[in-house]
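Consider the two complexes below, in which chain A is the common component and chain B and chain C are the respective partners.
Then we have the complex of A and B:
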């Protein structure tokens, strides 16, 4: 008897340890490759030359390039997010109605979002090229003067162009999530609204939108995070130019680190970006929590 | 809204979504003379495979393609193994101090870091470890990048498997891990496959880390190889388009194969779709 009890004790201890054993490797990898780099980055950001200093952080406030890059990031994020949300919602509502071949439309509308961002940007460089791009070529065909339309090469049109490319690539994502949200709404509230005699607009405003709110918040959260860190498409389309016209914060950090080898300053800026995305995601998550409580 | 208007809008959106991609494919198939033709030939041109030949035979794009595949497959396998084990533990065991819940949230939060924030220190770390410009560095970084995603997705799939099934297996004398492998994994196999495909796509498409961590043909992935051709003085549009067209193919095949899980994967499991 004592023997078997000792055995079962050992077995149950092993059983208690099992979850930790299973989780440990993943946690170790994340500590080594997500958390340690952050700590490493803090130490790098707190050094100027070989001395400890907060110089990299104080420099931020007076660096006009940094402030401009922040402003560009906001303009880019707000403009792209609004367009993607409105277009994505419109498409989702359209496909949620009685449509033949919904599966076909849904699948093909998703193509832009699946492309590697680098390839999506190449696609648009081919289209927007002022000399032989298909857009100006086609506009010329129908009699429009395209001389001023130099798109990514023009300081005034470049930002609009990179926003348009992002909207093209990521509206499908918003559409897909919102369509899933719409299809998860049960029929009963609509039937009740019909009986109450509410108009289509009232039904949309008082039934659809409130029930869709969790999906909306999730998709806005995910898009906002991606938009604030945007790098790939702009790097390929304009490299932040012409001049500084489309330089966003990720590009400026990249340039500081890997062109000017100012790793300390790049690290300092990356913490501003990290803080910013954290604050914004906390706001969204609060809203989501209130939503699930209500 | 009338039916006709609905379909008109839908086909218009379809055109906007697909025409740009179609245009790139035509550029990859047109001889250089046709690239600069005015009006731009959308449909009538004589197709040629010269750019594909130049990209994949004369230049190094075949090598980039192989590197991309190796890095994507190995990092996906590593993330799946580590992530599935962790997800199983987090789905099935209640740990003291709500540790299971806190760990899950912490793991998810590491996924939310903007890539550029970790790219700078990871470059310095890889430099210290003399791993710059190796496939190993990319495999390591992509494993860590995909890991939170795997944990979060698989935890959701495990939650959907009734506990009774495993408990029956445990009563029959299976060990916990035996029950996981024999009973639970077969049930979550579709979810596991979808998760794997997502990791493959993410690694295949990834650009910033690959740009920062690789320098030579020996370790460049396809996106970096393509991007490298943009910033040169003379841009080879045909070659770039050919490489771009090839880069798209596996992604589209994969995406179509797992449409059912697309919403769930893209929203990190937040919307069940």
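Then we have the complex of A and C:
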């Protein structure tokens, strides 16, 4: 800027300050809303009563509720993630090909994802009600004994039910990302594969899958983070029950903080969850980075 | 440059406006944290009437049951002084009282020329307003007099010539008979809620107490796995055979739905449901349900008390005005209006009021139930204890554990919780 040289010293100093002034409110908000609470929650997790202590962290190891809730969270995440990924990939491949009415299918498939999780969970709670619900009603009509099918009340079925609802709601998201990934793959590799005489399976395995890998890793990363902190659906469907059968870590954290008022312990559990989520994310991101280098 | 200057001016303006507090002394105002629903509705109406009479402006902030406790406790702990009066469910009271978050009411009553709370209040209702229980200082006044009742289908009892359920054995016999003889119509003998947490515990405590169980001994050690306690849980699971499938995840709504649809013959329930049975748009059982006190076993039956209390936070800046409203809202005259909206009173005179009894025929039973009721164990750790205990009750009812296993594991878990509290 040739003009700036002509400006007085004071004015140029003010000119230099302007960006800071403009950024200051955002930084202040960030400090107030993110950094301060984060530091505060670290200090809270390191206090028992009013004294400094790592008691909250040592208590985790002997807390059966915490360990079981952690195990449930991983069972839930692994099962839901596998189903969502396989179904989402299948659907994306199907609707990427030239089948009739694919516009219609694409649109309808996205509906579950558009519903707020709480609304979806309430709808499913009504559908799954063993006595008045539509699912058992229909099964009864076609002559199936529904006496034992207490979807959200039996310890063996409850976890399956909450996983099924999550799969129903979030497969569309996986599908959407993978479909976008598929459509971004150029035609040339396929033409080359065709000329080389590779089978459909070989094309999928050696062309589609490697080229889709970035999209796959991103969707897996996002879903894993979401699944590990699942709260709303389970809270509404089973509230963690029957007994403790579907209690996940975020439900237990919520209870400890807002029902038992043990913020220190709740914060300690949150940090453990955060650490685990971070480790998993780092693994995904490493894979992703290796991929882009290759 | 102009931009910088105007931005600075704007910033200064914001700061000035933000700092400039109204220098005028505000006219008297009260803020109340209330439960949303019929209980809070009545208080809201009372607030409007009080405002017209006295000119004191009252803001009623309503919260759903699930949030009220945490809002109040966070606010009182942070000493913001946002509320002058708070509604409390009685099991929450020990937490607030132990943390010394409430104003003692007796000195405020004495300033008004009263020695203590009106003797017209039901003793059991005043007892839960004291800390320690029954004998201690007064920190709240009772506003809504809920206690559990036993609901049963008197038409079916008459049809099968069963005697009114006075003991849990009578209940079991009746459940068996009705379910066998009415099985064609999809009728279940009994309906209970055994979802973990509050639901399972509320439906279990009356059985537990009647069987002679005690949650804690005199020294505060958990004792749920005594032979009496295990027998009580075995009995609950046995009653489960006559309850609709899936009851291990039932909450109050499912229990109410079964009664309203006429698909269950008996249950333990709260008075709030009574009115719904007479509503033709919801109920298939109009006039068919009888309400009575809870059945006994080795001991006389006792209901859980579940009163709504009103207390004044220690941080209130208008304690005297708040007390004036509190006394006024709990007078017989005002409570009568709340009763006409469907809230059970906490005053003896109102339970005997001929007009109210004509409108609510269950009042005599409600009064007997309330007078003989029992509070949940009075500990500031109740939420945590109820949660852990409820998990094991629900596990036993869903078949994941035997009653003895459930009670032993529950006792171990309660010991840990109690130890942490010491």
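By our rule, the second predicted complex is superposed on the first by the 270 of 294 C-alpha atoms of A that agree within 3 Å, B and C clash if a C-alpha of one lies under 4 Å from a C-alpha of the other, contacts with A are read in each partner's own complex, and residues count from 1 in each chain.
Criterion: a contact is a pair of C-beta atoms (placed from the backbone, for glycine too) under 8 Å apart; a residue touches a chain by one contact, two chains touch by 3 or more.
Keep in mind that this is a model prediction, so the values were computed, not measured.
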Touching A:258 in the superposition: chain B (first), chain C (second), both, neither?
both
Where does A:219 make contact in the superposed view: on chain B (first), on chain C (second), on both, or on neither?
first
With the two complexes superposed on chain A, say which partner A:34 touches: chain B (first), chain C (second), both, or neither.
first
Contacts of A:240 with chain B and chain C, given as first, second, both or neither:
second
If you stack the two complexes on chain A, which partner ends up touching A:88: first (chain B), second (chain C), both, or neither?
neither
Which holds for A:132: it touches chain B only (first), chain C only (second), both, or neither?
both
Using the superposition on chain A described above, determine whether A:281 touches chain B (first), chain C (second), both, or neither.
first
On chain A, which partner touches more residues: chain B or chain C?
B
Quick one: classify A:267 as touching chain B (first), chain C (second), both or neither.
first
Of the residues on chain A, which ones does chain B touch that chain C also touches?
15, 18, 131-132, 239, 258
Contacting residues of chain A [partner chain C, same complex]
11, 14-15, 17-18, 21, 64-65, 129-132, 147-148, 150-155, 158, 238-245, 255, 258-262
Could you list, by residue number, the parts of chain B that touch chain A in their complex?
1, 6-7, 9-10, 13-14, 16-18, 20-21, 23-24, 27, 35-40, 42, 82-83, 85-86, 88-90, 92-93, 95, 100, 103, 107, 110, 112-125, 140-141, 143-144, 147-148, 151, 176, 201, 204-205, 207-208, 211-212, 222-223, 226-227, 230-231, 237, 240-241, 244, 247-248, 251-252, 255-256, 259, 262-263, 266-268, 270-273
Residue numbers of chain A touching chain B in their complex, please.
15, 18-20, 22-23, 25-27, 29-30, 32-38, 40-41, 44, 91, 94-95, 97, 99, 105, 107-112, 114-119, 122-127, 131-134, 137-138, 140-141, 168, 172-173, 176-177, 180-181, 184, 215, 218-219, 222, 225, 228-229, 231-232, 235-236, 239, 250, 253-254, 257-258, 263, 266-267, 270-271, 273-274, 277-278, 281
Going by the contact rule set out above, which residues of chain C touch chain A in the complex?
1, 3-4, 7-8, 69-70, 73, 95, 194-197, 244-250, 254, 257-258, 263, 381, 383-384, 387-388, 391-392, 394-395, 397-401, 413
